[in-house]
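Below, subunit A partners subunit B and then partners subunit C, in two separate complexes.
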Partner chain A sequence: MTVTRGRPLRGEPEELDIRLRADASSRRPVLLAFGSAIVWLLIGSAFGDVASLKMHLPDWANDAAWLTFGRIRPAHLNTMIYGWASLAMLGVSLWMIPRLVHTELRFGRLAEVGIVLWNIGLVLGIAGLLSGRSDGLEWLEMRRTFADPWFVVGGALVGLTLLVTLMLREVGHLYVSVWYIMASYLWFPVIFIVGNWPTWRGVESAATNWFYAHNALGLWLTAINLGAAYYFIPKVLGRPIHSYQLSLLGFWALAFFYALNGMHHLIGGPVPEWMITTSIVASVLMVIPVLAVAVNHHMTMIGRFGALRYSPTLRFVVLGAIAYTAVSLQGMLTALREVNRITHFTQWTIAHSHVGVYAFVTFVLFGSMYYIMPRLVRREWPSARLIRWHFWLVLSGIAIYVISLTIVGVMQGLALLDPQTPFRRAVEVTIPGLWVRSFAGLLLTAGHLVFATHYWMMTRGTRRAPESPPFHEVRPILYAPAGEIVEEVAR
Partner chain B sequence: MTRAWLLMLGALAAVGFATLILVVVPALMLVDVPRPPQLRPYTLQQARGRAVYIANGCIYCHSQQVRDPAFTTDVDRGWGSRASVPADFVYDRPHLVGTMRTGPDLLNVGQRLPDANWQLIHLYQPRSVVPWSIMPSFPFLFEVRDSSALPRGARMVNVTGRHAPPRGKVVVASADAVALVEYLLSLERDYPVPRVAGRSVAAGGRTVHTMP
Partner chain C sequence: MFPSSLVVVLTGLGFGLLALAAFAWGWRRGQYRDLSAQARVIFDARDMRLDRPWETAQQRAERAREFGALEPAPPGEWGEGRSSDEGSAR
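Right after this comes the complex of A and B.
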């Protein structure tokens, strides 16, 4: 629901007052988190584009060690996961928890310190990677000596702020988004410390590596963004979530099954067979939480797709939720041995991870920011056109990205699997897809530049903000003044 | 749900359970993985090379694992004669088993491509020996110097053809490049599966009989 002059509002004045106080209390840390997240998004996009181009232009910009593919690629991943996504998630959770528990954020300054520490860890970690200081474990490359402690302490400060706020809550019932967010602040330090534990060697090192990396996706990125989707879809539609029971089932099934998924990254590898089998079974069991969440999100949405036209939040979040269903089903499929023997070690995996981290996580985060920002700076987004450009650039970019890499991934996998086919063939079939991917990456980067510009214009107030939300003319009314949902207004 | 502590306890139980199953139990089971007699711990030079491998992200394109022939065709492709087993990795910290095969598997590259000079040329400019390769060149691991003023013990790299240095110059490998090649050549884990009390620990920890 949009708080705008001249539009009908729902809820008692008291309730509105709580929202205003909650938003005011979280304003500073959330803006700090979002602002730095967007800077990292731009840096990470540049890393991604350079790494992508280098895959088909292997002699381009190779003279300096820091520019070599094997350093730029982990810099891209770590910037995007810990810079863009995680910082944006810190912001989203700092905004949502006070709203959901009807009170002000407590110790907001502590959260600000936490965000600053997190950023320091990133600067050190990424600079370390570029200068050749890596722990050598995928998703855990940043040095455990001088980079990782900043994340543990910074994350703990933000988590503590949220915990205190939760304890002083003024509601009895905890909404499903609160479960996901609060749980992920417990999960993240556990898996991060287990993953970084320095004594693992040999196949244990491989197992803990993928225990961490998969859970970073499942128990950190997925959890907070599902929490956000659970909040924004019903919020924008003004309609309760489809089923409370399903959301309970979805949450606990995710907690218990997702955490066991990691070993499917090592199918066929040297770790004990029973571990891999456990993860394959858990991967298939993920059908339970995924369907529970999918039914809940999509049934809430059903019959209301018209609202996608006027709410950028809804557009991004609903597409993100659809991508979550899609990426989870694809993940289950990929965990099956018969599929995995083709797709493992190929570009298919890269496409798959971008459906997850981009089409799901990043879309939900964009959608969340579109909703949260006007409520923090108390101005509307200045330009409907820039929102449109952002949306269509990133949507076409990610679609082209995923389709091209998935196709060449399968071709590469089939070539690798046939011993009569020379290895050369497995390289050559990917080249056209890699070119197309670079093009798609440039579209995504262009979209990010549009978004960052728009964000800058909004926070600086460099343009007179419109009085109504950017797309309100598309469909001016969603609620009757009494709070009843009205049917689509005939135009 | 109304009780925050119940939520937190449940959440911790979930991740604790998974940690128990996938981290603690395997750690207990894998303590007595045998050290294969044919597999030597890394020398200082090889360890340095391994650090160069990690620093420059070779893992993002190269795996180090041979998968079970019953499952895939790694063995038919000539990447090894048997599936790799936990014992093959006892000295690896961190592991480098990898998740991508943009380039070929390297677990037995020391056996497959044992020529150090070839390895150095290939690192300096992969396309001078493998024209279709998309591996990055690593010029920063080498120096192009005047052939008249070479320090004693300089390791020259015989690059010919299109990528050869200009007349009067030679390509000299850095200590890092030499160490990296030492490491690559040490990758040879094709010995028979090590025995544990008359049995062997094969791929995936299943106990099977050793090959004769």
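Right after this comes the complex of A and C.
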């Protein structure tokens, strides 16, 4: 079929060819990462639902040791952070970097090996947790002896692939997303090794534990997903980011200020006061990168919010970016001693962490996958209806989740501070919110099942082929003998 | 001061120094010159010429004036799913 074109622009065929070659080069490792991430998403959802039900039905399903709360809860956390989020992020990075540096992914097979090793580490680590083998450190529960080395080697192989691709780039300029993504691959191994170092004891261990856990959020999960948001929002809108200067300011402020944030988790703990105060100051300084990102994204979107009705990618990514602003501002407030004395050791913290890891990170990852997958498997998503179901289930689920736990968290904190209130009462006030949280968790799981089903339909191609040629089959432009562009041919 | 304080502080400072080195490298390599042009490196010509149904008539006219006649976006361009069986555009 021949399609008449508008005014041809110089260099267009080469641009299209670069993009097609970049996508083709990353196809296998990205599909491997996405596929395994979704399997872990389903497993982690089941763990989360069981753990949530046990908070208000403590005697339920306690016959088997592996189903007890102390094992299921860390299994949920580790599955979601290292299984779902991290693997999906490996996939997004492997797709974005070749595109952004205008070259093919180098040593793609090495990245595939890295993803397989990462999955082996997860299987061993989660099986270890369920069988009672834990390092006992939050976010670092998987054993450093038989699970963690797989992550180090696997992550290093993926990082090496990206680094070689970056070094062989065909562009001089590095877009801000490249800074975010590549920096996260340099930061993560350092914090992971420091956090897992086996010689820390007692309070030392708590300090390095929170140094790791907070930086895993800020320098790993946040960095890659902000990089994705800086790519997908302007890309779908066809409009450059409002202020590129501001985007760079945001990146460098994150790079300089974030690393000292973690100690605010130990407010009131037996650690030197100067460490806590330094961390609170660093946490408040985060207002610079957060507002830089928030203002930039909002000003880019302004006048084009109608696009959210058309693009699932934009819908998820923009809501994720809004959640990033919300969770960061909430985190800054929570780092203040006056707020922390109420919220510490309450359900508020659980709500806060889910705004970060779910409403921000997971939403951006869903949005990214909606954009990337059609370009890898060369067909559209099979059903607009399933996308709508997915979106509304997870949006309503996370909204109910966060609102209910935030409210009962504050009630719990105030009850704990009141010496006249018995401790039992501080637990009882949370129970209605915990029931609502379990319902919200089931909504989230239903949304994940819809997404997984849709993903499977997408990769298996179970729907009929479209009548009109899809966008990914549009062929490059033909040249007249003199080199003049004359027409575009669609297969 | 227990030993891990030193490790945390040194690692934090190490991150800061690494960031400073990377910033200096970027400065020397011209990563901060002509920023408005660099903000456009993620686009190719076709991206900018696709007709976006959510844009106003004025926004479309501006796009056409700057990038040439607009082309209809192929199905699935924005991550959306097939909707022919639902009689809906999205």
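In the analysis below, the second predicted complex is superposed on the first by the 453 of 491 C-alpha atoms of A that agree within 3 Å, B and C clash if a C-alpha of one lies under 4 Å from a C-alpha of the other, contacts with A are read in each partner's own complex, and residues count from 1 in each chain.
Note that in this section a contact is a pair of C-beta atoms (placed from the backbone, for glycine too) under 8 Å apart; a residue touches a chain by one contact, two chains touch by 3 or more.
None of these values were measured; they are calculated from a predicted model.
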Task: Consider subunit A as the common anchor and indicate whether subunit B and subunit C clash or fit when overlaid.
output: clash
Query: Taking the superposition as given, does A:265 touch the first partner, subunit B, the second, subunit C, both, or neither?
result: first
Query: Where does A:371 make contact in the superposed view: on subunit B (first), on subunit C (second), on both, or on neither?
result: second
Message: Looking at A:64 after the superposition, I want to know if it touches subunit B, subunit C, both of them or none. Which is it: first, second, both, neither?
response: first
Task: Considering only the touch criterion stated at the top, classify A:19 as touching first (subunit B), second (subunit C), both, or neither.
output: second
Message: Quick one: is A:194 in contact with subunit B, with subunit C, with both, or with neither? Answer first, second, both or neither.
response: both
- request: Name the contact category of A:166: first (subunit B only), second (subunit C only), both, or neither.
  value: first
Query: In the superposed arrangement, does A:313 touch subunit B (first), subunit C (second), both or neither?
result: second
Query: Where does A:240 make contact in the superposed view: on subunit B (first), on subunit C (second), on both, or on neither?
result: second
- request: Mind working out whether A:424 is in touch with subunit B, subunit C, both or neither, as first, second, both or neither?
  value: first
- prompt: So which bits of subunit A does subunit B touch that subunit C touches too?
  reply: 172-174, 183, 186-187, 190-191, 194, 200, 203-205, 207-208, 211, 248, 252, 255-256, 259-260, 263, 271-272, 275
- prompt: Okay, in this complex, where on subunit C does subunit A touch?
  reply: 1-5, 7-8, 11-12, 14-16, 18-19, 22-23, 26, 29-32, 35-36, 38-50, 52-56, 59, 63, 67-71, 73-86, 88-90
- line: Within their complex, subunit A touches subunit C through residues 5-12, 15-16, 19, 100, 171-175, 177, 183, 186-187, 190-191, 194, 197, 200, 203-205, 207-208, 211, 231, 234-238, 240-241, 244-245, 247-248, 252, 255-256, 259-260, 263, 271-272, 275, 303-304, 306-307, 309-314, 367, 370-371, 374, 379-387, 454, 463, 466-472, 474
- request: Spell out the part of subunit A that touches subunit B in their complex, as residue ranges.
  value: 54-56, 58-59, 62-65, 68-71, 73-74, 132-138, 166-167, 172-174, 179, 182-183, 186-187, 190-191, 194, 200-209, 211, 215, 219, 248, 252, 255-256, 259-260, 262-263, 265-266, 268-276, 278-279, 337, 341, 344-346, 349, 416-419, 423-424, 426-428, 430-431
Field: List of subunit B residues in touch with subunit A within their complex
entry: 1-2, 4, 7-8, 10-12, 14-19, 21-23, 26-27, 29-30, 33, 54-61, 63, 65, 67-68, 71-73, 76-77, 83-86, 88-104, 126-127, 132-140, 203-206
